[in-house]
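Before any comments, here is the structure.
Chain lettering (A, B, C and D) follows the sequence in which the chains are written, and residue indices restart at 1 in each chain.
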Amino acid sequence: MTAPASGTPAASAAATVLAPAPPRTARVAVLGATGYSGQEFVRLALDHPGVTIAALVTREHAGRPAAEFLAGLDPRAATLPAAIAPDALARLLADGAADTVVACLPHGAWRSLAAEHGLEGRAARIVDLSSDHRDGASGYAYGLPELFRADLAGATRIANPGCYPTAAALALAPAAAWLAGPVMVHALSGISGAGRAAELRTAFVERHDGASIYRAGSGHAHVPEMERSLARAGAAVPIGFAPQLVPMNRGILLTANAPLAQAIEPAAAHAAYAARYANEPFVRVLPPGEWPDTRNVRGSNRCDVAVTTLHGGRTLLATAALDNLVKGAAGQALQNLNVLLGLPETTGLPRHGSPW
Amino acid sequence: MTAPASGTPAASAAATVLAPAPPRTARVAVLGATGYSGQEFVRLALDHPGVTIAALVTREHAGRPAAEFLAGLDPRAATLPAAIAPDALARLLADGAADTVVACLPHGAWRSLAAEHGLEGRAARIVDLSSDHRDGASGYAYGLPELFRADLAGATRIANPGCYPTAAALALAPAAAWLAGPVMVHALSGISGAGRAAELRTAFVERHDGASIYRAGSGHAHVPEMERSLARAGAAVPIGFAPQLVPMNRGILLTANAPLAQAIEPAAAHAAYAARYANEPFVRVLPPGEWPDTRNVRGSNRCDVAVTTLHGGRTLLATAALDNLVKGAAGQALQNLNVLLGLPETTGLPRHGSPW
Amino acid sequence: MTAPASGTPAASAAATVLAPAPPRTARVAVLGATGYSGQEFVRLALDHPGVTIAALVTREHAGRPAAEFLAGLDPRAATLPAAIAPDALARLLADGAADTVVACLPHGAWRSLAAEHGLEGRAARIVDLSSDHRDGASGYAYGLPELFRADLAGATRIANPGCYPTAAALALAPAAAWLAGPVMVHALSGISGAGRAAELRTAFVERHDGASIYRAGSGHAHVPEMERSLARAGAAVPIGFAPQLVPMNRGILLTANAPLAQAIEPAAAHAAYAARYANEPFVRVLPPGEWPDTRNVRGSNRCDVAVTTLHGGRTLLATAALDNLVKGAAGQALQNLNVLLGLPETTGLPRHGSPW
Amino acid sequence: MTAPASGTPAASAAATVLAPAPPRTARVAVLGATGYSGQEFVRLALDHPGVTIAALVTREHAGRPAAEFLAGLDPRAATLPAAIAPDALARLLADGAADTVVACLPHGAWRSLAAEHGLEGRAARIVDLSSDHRDGASGYAYGLPELFRADLAGATRIANPGCYPTAAALALAPAAAWLAGPVMVHALSGISGAGRAAELRTAFVERHDGASIYRAGSGHAHVPEMERSLARAGAAVPIGFAPQLVPMNRGILLTANAPLAQAIEPAAAHAAYAARYANEPFVRVLPPGEWPDTRNVRGSNRCDVAVTTLHGGRTLLATAALDNLVKGAAGQALQNLNVLLGLPETTGLPRHGSPW
């Protein structure tokens, strides 16, 4: 038996902040249920005591039983509704059969669906996994609890952070006050990060047994999101980005470096990181000399972080590993939903990784 | 939330058989906790309501905290004891701090340890994952509940079946009465099936991006175990075996063929299999036209089975997929332990696979 | 330096048969140059002394330089023509700039293109890698030299065998006279065998770290081709087929079993196979006790074969490994082209594998 | 047919420098013939017109035929000597049966073997793939022709560069004059870079489907070698290093960043790199907007380089991909041997990659 999750300080703190008690169970409509983050959300939700899957919304499979499009599901062991098309969702929200939207859609799609079917106003709670509302302009709170938990108090709409930006923010935020110049972020992603679509660029043979860089520089869509988080954490510095695809299903492995205004000893950097995340159940600062491995966080909602300084303490080297489908997508969505529901943040979320 | 597992007919049946109620919680000493099946057992046990890990026994790491040798573990989220050497186990069993042994050791090791330290008589329950006691000669019941559940009534010592033999038995047993001659079993295994040892033959570069056959014929150690199960199921026929290693971490994919005494239509074969396993929560007979994929059972205790006949119904083609570390090892050990404890067989065991 | 290929007995034999000498250099138009077998053909042809790439035909990339659609090519090290569309090919053939067609197209495409543009009659030599002309009905010789070399004498049109059928025929032909009943063929294929198209079923995440069976039974398109070869080799028996996809780029690993009319000792079976292929440079019969590994033939035009018998010699177990893009496609096409050109069969074709 | 390699300007230049003509054929003793770089050297040497394998030196396999320890080899297609132990090598060198040593041994091993058996003085030519003589102190020339070709004139002993240092030097040297501060090198390596030994850390299951960082900082053994090359190229700046292991057999993918003294436009950076490597057959500067992929150089002796600048031109982002077993080891050894033999540098070395 695991140690009771609710006993962690951070979780209690989070729960305390959010009284008076909202309803403890969400009837969730999952949009984009066939994508990788959508399927991961359903898988995690099946073991979550505060979530009922009320609808699986997917235009392509509307009318078909869940086991036909959710890989791995044993239909005898889960009572899931058949898929519905987006236009049926408005009715479900209107009559209260669903009260929460979790949108696991490509960028732009939720915004446009919501407008088309008048969905935005009918859902008690919305967690949007796309990048559409991450700029803070449209009333969605940015759902990265470890850094911006206060934003979530009272929120009902949440923009779930991207996988690269989550890793970058957790790796860099504790050092924000020290930074003296541009940050360079190098990051590896597993192939599920590219989404579930029939494309030659993500075909097995094209991705197997090799590694490649893509859209390096400052032009990647995730750069502004990373810069915003870092600025809110205290460092208004530009970010350069070198994203790379490596032949694994899941995982982000990030290494970032930056010049520091003053020399910081490696031990001091480590101590500051350890203190910053001491009460965070989903961030583990590794002991000095250990470095992140995506396997250790595979399937979990944890982000492992390690830090040191080089060159007499004048260069920061910060690193992080997370599972892009869990802490980088579906798990973080559930973590945010836990906050919205007033549940301990760790409810229903794995903290141990399954390395192989 | 998943459908309550205890409601499945098979689980109820199993529970009924085993009254009067034994203690519902096991204090388990895991031997060989650093191997792949040992680590998998710990991972599953951490989410199991009827199991407490009382000891992690590993000579190599004795004295070290669990998080140092169990990959992926977040030490803040699990209260596990530090490792102990085998000689400390006798005392734990003697004073009742541990009452159950789960031996995840190489073949021969449990038998010899038990003799050396006088362990055999001190444990209330033993599940041995090695092949040492699978021949039925030494008082260990063969723990394949779907086929030999009656054997487990009242048992306290269980020989956990091998991964290949579990797949073979589940794929072939329903057809046993039809078989007219030798069975040929072709099976692919992921590399974790070869154990966790520093060997060149299981090195990444030696196993990646290729497939190979090994010890084909009748000489593989698993052949007698397969023949015994098939004989008990009703078919005293010889088995030929072509095991193959493919570049994946987990999974067995088995295809077997055999001549049939009389013509059986594909639909009749499917119907017989479906009927045979209708009440088995951990065996799913796929609809006609679908074939097993190891991804669909990955991380679960499920075995997916599909069957057809060829050549005018005179040749059986039976197939199965399971996760060698779960249904082929640690999960089946927990399933057996559930039986020993009088718990529903499905307690704490995943039925959905996590395909990627 | 390698031993001179032309010295092998088989190659000499082949050269002898085909006098008087045809032209020794082919000006080849490659159709479907962007697919996996098309790219492999170009790669092999660049090192072949008797082949000049006269045209790269691909509708999609017409007008673009070769380095933009042939992965890995260093444009400074190869002088290749820019791509042309199919309709430009007729002219090239008419004016003699190209004299040979190698069609690496999906099934049906060459036949239809040839008809549309009147290509069939204009090419001095045609090698078709699709299954369109493998039934022997349309005047194309079946290009499996090791079994049907005599067919190629004087031929100018060749149907290049499929990858599964090549492996099956080479594994089973020496035993044809012994077979007493249906043959069951189990075979693993790397993902490149499914072709180069944007499809979800061949996406990295869908294929990685797992194995699956597809279209098992007698319905796979390759079954009749296998049965034809086996019948021509002397055994008119039905074949059952269980094809499986495993997570590797290249390779076929085949295991087949069948009942034998009389008992054959393993040593006798091995001796017969060794004798049958003694003079074949591209088939290696492994020593007793060794089994095929796709890595050992990776990138080569070799097929490794191993055989034994079981159950007192009454069951044949025949196995083979080859590289589906080389001996199973582009390499065999070059081998056939060597025959058409009167060159030693081994010209320009790797016999050593590159295992990693 | 490929364009004739000897026609490339760089190769001609190299040949010109090294007159008068030394012997054009080397009788090579390969030490460490069973490791990954040793086997790769043999594979490349079999197709090289100026190299004869005179001895395969491996204590472990002494007396055994080559095909038993060289994976993929077809013994019928290559006439290789049986393995000998190191103590038999002195005699071969003494009587002239071998005149060249290529040492593919772990670090320290060649130095110690040479001393023990008095080998150093007997070989006309030595190429050492270990790091033992890379510091320039012991009379071995550092064999990175693209940057330090002049050093090789008249040399007979060559220290072959490391795989990471080769990629770092080629990526950074053209920018050396611009650098204003510490360089951070992030680099991914395939698992063959860790050598061929029975170790748990390179086991398939431990490395598959995940990525990890190791020995990040300044402490990796390769950092001084990288700093030396960069200093010789004109930039005496410290280097930080974050090496990472990703689940592929071969390949280095390197991304490096550094502050620049003055703003350099991306186009100017690209132009400088393109000019620097215009005559280098084994370095390809990718067009702007394209980034390296290890697949494109797989199996070749090529290094693909791409560069840009960020943050108004004040940050360099330089990237490179190479095959660690070819340009990072065995191929570069042959390139160096070509120089020693007065052959065109490109002789016998693939320039096209085989991506899958």
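The rule is simple: a residue touches a chain if its C-beta (ideal position, glycine included) is under 8 Å from a C-beta of that chain, and two chains touch if they have at least 3 such contacts.
It should be emphasised that the depicted structure is a prediction, and the values quoted were computed from it without experimental measurement.
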Higher C-beta contact count, A-B or A-C? A-B
In terms of mean CA position, the chain most removed from subunit C is A
Averaged over CA atoms, how far is the centre of subunit A from the centre of subunit B? Could you give it in whole Å? 34
How many Å are there between the centre of subunit B and the centre of subunit C, using C-alpha atoms for each centre? 40
Where the CA atoms of subunit A average out and where those of subunit C average out, how many Å apart are those spots? 47
What positions in subunit D touch 2 or more of the other chains? 36, 192, 205-206, 208-209, 247-250, 295, 298, 355-356
So in the complex, which bits of subunit C are touching subunit B? 181-182, 184, 186, 188, 205-206, 208-218, 238, 240, 242, 244, 246-251, 253, 255, 257, 259, 291-295, 298, 306, 308, 310-311, 314-315, 317, 319, 321, 355-356
Residues on subunit C engaged by subunit D in the complex (per definition of touch): 1-3, 5, 8, 36, 43, 46-49, 51-52, 71-74, 76-79, 192, 208-209, 249-250, 281, 284, 295-300, 302, 351-356
Footprint of subunit B on subunit D - complex, ascending: 36, 191-192, 196-200, 202-209, 247-249
